[in-house]
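Take a look at these structures.
Here come two complexes built around subunit A, the first alongside subunit B, the second alongside subunit C.
Presenting the complex of A and B:
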């Protein structure tokens, strides 16, 4: 029998979070108020978040103590195991050793509770009685529902209506943990009433849900808003993942050649990678690789535009060329960091070339998820499959080069609530580019004659 | 009232994509009719690889909106939304509306 995983004892869990702002070669610019163009006053954020979290957002200390009460709650599922993906290695015939940090073992099934627990605690400490948030598929909503229940806080989750209808089990998870989960838009807020008056059948959007949750927070007593990605303090709370991984790899006398994670909002990726980015800043030879979907990329758009011709050899862009389309990729966003939906810390580190970004198309990512499920057993969340696909590419390269390589993969969550996505893949409903353009043109002609928006 | 162009674009409308913001599959129809009648500000980012999205958008939105989408305007920004709502709320309070956070 060969060892398959490294499990830390409870008392070996890290006692401090790592704040990468202390080590960044380029300091992060403050967030700007879009209306004034001026930096947002931290005091103004105090209307939305408790001041102890606002202070953490601005903190420059390298290490921040994890409160005892937070540690105690994290122990429910942490330290999470570091596991070796031997089945996948064998299937790939690679000399690479692939390790993964399994964040799917949390009660909500993903890394999200790492910050949800901390945010619930800090709100409670500040005297807040009730939180609001928004959610799409419900990963964050369910994580925060679990966390607020642990600290005796009320929670109202504005779940985008289209998600509310498509994800009944996530909604039930939230309700099981005692949260109020409502389909957004609602009649409970001004913004919701305004949208519903105009579009009674709207499926909702994340923008409306965010607006409703914030409006509720700033206009209700003892209430604040909670957010599970993008912000610095969220990334900070997640660093427990990478700090544990470092201790676990140390027990194996190993150090990764490459650290791979998927990026959505960036918090899971930040959590695994930032402690390693610190090592890289201090001269360690480690590659840090962020994997995102080719659809809606936030980090890789520039390279895509530059490398269009090369990529056409191997990607679904080829048919678009051969069909003679005068398609031009959307403009580069080189003028600055792309803030929408992505943690500025991650964007900055990509810009500073401390993190590499790669894009994976949806068929390759689901294929990687299927291979993982059939070799390692666990069914990964669709986001996680992007990281798996990128890790598989690294393992194949190692095979081609005949080099041993240690790959550390962030396994951010399970996909048991996302089986509809797998169903769509298995039925062949998910595609990369296959749609015959003439059919699209034909169908779009049906829109002629409608007034323009 | 604006009319949502739920229309007859069935073929393209049925295409599925995983929305990275929502975390589940959505149809192209959803992306072009969000919030009743507005297209998602990320529609070009998400569909550029699979559709001639600009030609498609030219049929759906007017030239100003298309130019705005091409320039990356109206992209979702939580911090921006926060700043705007907090500002609106402060203005209301300053305007004599009864503050309702007195419980804190």
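Presenting the complex of A and C:
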């Protein structure tokens, strides 16, 4: 029988995270204090994040031990299966072999709990009693609700009001896991009250929700803020994905020719790909391919520059590919990919040509997701369909070239909470979004006057 | 490290189903033709089911080979993990060890695809091009949509109209997998037209939907009907659950003291428990416990009698525990447990005291489901919460008696598509349902005049 799936035992779970900062040919430029243009003082971040995570953000060690308590929680669903997409291969008539790392098996249905569990643990260790966060589509909010419940922390999730109303099921997941989920803007914060006074009917935005969550966190000594992507330590926590995949591929005596994942803030992609980027840095012949939406073409059309992580300019300036902090992406169903910036680690590796990027439009990604669901069974999240579309392109190229190829695909999550997008696709209601160059250039003016890279 | 999870490799997947008919101390009484009171002629079922499945329904062989094509499809998500519920054990302070067999990992999120895949295969083998079925809450309809898509069959699902309107996401799953899902009653069948002429605003019922699906199937030579529970062959297909669990427990050098599952039509429960019932028949000391809702207390309060499988009296008379074919259970959130009868195999084994039954009320089952979600992470389906509540009772008894015990729990599916029930519970809107004895006796009058057991 052919290998359809490789599972690892609990005792084969990686015991350390991989920190790519130890191997990068070009070190990261430091985050800057926007007021001074100088590197930010780590202590200044201590009001927002616990200092043990701030230290992890700066760490240069190649391997960082996964604490035993974190490991025990990850084992609820990890190691995740590595599966072969043979139904899809047959439908494509490709000689390529497509393997996917199925992160949809977690309680929240995506890769997000990999970092949520670690962040909840480190906050608890630091004596923090309560976390705040924001959520758009709800993936991160629900993952962190699960994680904080596991460690007995309180959580308040500021959910963008329009999503709160349109996606009641995500809110119900958070409540089932004991979190408080409120529609943002709220009357509970200064910034929320200000927005509501001016625009009582606002649908809210991720920018406002972040500002509310940070204001809430910094105004209480035992509360901190939690972020689900972009940061170095979030990418670090996600590397269990790629480390497991390497062990699993090894059991098949295979090594991928190309590693494909979708990118929004970058953490899922970093998690799968960084252990392979390391191999590439050390001379291995492997392509690393990031798939982003054409509606938010951060890597393919945004410059590498210093920019704020949020619309409200509350974060330090981060060195990253960006479309400008006030770029407003189209109302894409892949909510997790609607981010103007990109993890600095991923950005630097793209800049150094260790990672390639490609942009996929919405209709192609849904077509890919539909083909996947009908051949492989599992219904992918709208974000994941971008990686699938890119993998299908690679498989078609292999067919045209008549070459066997091994494709490793990051299957970041299932789409059972996102079926409205599939309905809209089936009804022919979806469109593509491609931005005229002038529009992108206009939003990039927001970078004027800030330090250059 | 303690064992939190046991996974099996693809090559450890069972290659045969277990047919308990070969080991039952009392053979099943035959299904009867209601018109004559005589055992039904198998050929008469050939218009409804393909003859290869009709033969499997009657088979007496202990082991039945799983066809290679079925095996390959089951490997998309099987073998399913056996996991330890240590978070729950700690919350309960019990010396018992609770292991659960996680059937929520399938593409449809429950155990249902185990039989859906097999039924799609056998129909395809028999030259059938199209299937029909009915669905209430949508678990079976979505599982069969996934399975028919895997084998290139067409499918029409008659979904009870009120569910069709209240549960749009289940319908969207079916459509994503390429099935046609229509609100029943429809204008497409004689019975549907008749009902709609008389009651244009009817919410529909499972009875009407079954009648429509069967009428549709028998009126076309290349169409057959498919049923997701109750039948012998459905129970047979589900035995991969228990056979895998036995291998997994063996790797831990453990044997359960008690095996607990929830029962509606009986197939999930049969699947987990029958391999253990076999051990019990052969003298092994193991308790087998079926958990049903107090709102539909088939095993705990219904007699063992001949009754129709459906309200419309289109099926043969089946020997089973029943509340009467026109018993209408309360509008329970655990839609999969709202069935007036019970698989004849499960019923006979209860009658022979090889299986015990217990009834759980709705509030206790949601409280159990909530405790599970907050300790173990995965959110259980409302049906599954009944088994969890019964397992918790067993764990508490172990605590009181100060005895170590090994509890094996059938975790039949996740509740991500059923979060409205959790919302209603959290809002305090749910109630318990217990029927006065007179009411049950009244519905049992429907059995008057039919053959007795």
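We take it that the second predicted complex is superposed on the first by the 389 of 453 C-alpha atoms of A that agree within 3 Å, B and C clash if a C-alpha of one lies under 4 Å from a C-alpha of the other, contacts with A are read in each partner's own complex, and residues count from 1 in each chain.
Assume a residue touches a chain if its C-beta (ideal position, glycine included) is under 8 Å from a C-beta of that chain, and two chains touch if they have at least 3 such contacts.
Predicted model, so just to flag it, every value in this text is computed and none were measured.
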Which superposed partner A:105 touches (first subunit B, second subunit C, both, neither): second
Subunit B versus subunit C as contact partner of A:67, first or second or both or neither: neither
Which of subunit B and subunit C A:163 touches, first, second, both or neither: first
Touched partner set for A:295, first subunit B, second subunit C, both or neither: first
Which superposed partner A:173 touches (first subunit B, second subunit C, both, neither): second
Partner chain(s) touched by A:10 [first = subunit B, second = subunit C, both, neither]: second
First (subunit B), second (subunit C), both or neither touched by A:215: first
Touching partner for A:382 - first (subunit B), second (subunit C), both, neither: first
First (subunit B), second (subunit C), both or neither touched by A:429: first
Touched subunit A residues, subunit B compared with subunit C: B
Touching both subunit C and subunit B, counted on subunit A across the two superposed complexes: 420
Complex interface listing, subunit A residues touching subunit B: 31, 33-35, 40, 44-45, 47-48, 127, 136-139, 160, 162-163, 166-167, 195, 198-199, 201-208, 210-211, 214-215, 218-222, 225, 227, 230, 264, 292-297, 301, 316-317, 320, 325, 327, 329-331, 333, 339-341, 361-362, 382-383, 418, 420-421, 424, 429-433, 435, 437, 439-448, 450-453
Interfacial residue positions of subunit C with respect to subunit A in the complex: 1, 3-5, 7-11, 72, 75-77, 83, 87, 105, 107, 109, 146, 149-150, 168-169, 172-173, 175-178, 370, 373-374, 376-379, 416-417, 419-420, 422-423, 426
Interfacial residue positions of subunit B with respect to subunit A in the complex: 1-5, 7-13, 15-26, 30, 33-40, 42, 44-52, 55-56, 59-63, 65, 70-72, 75-87, 89-90, 100-104
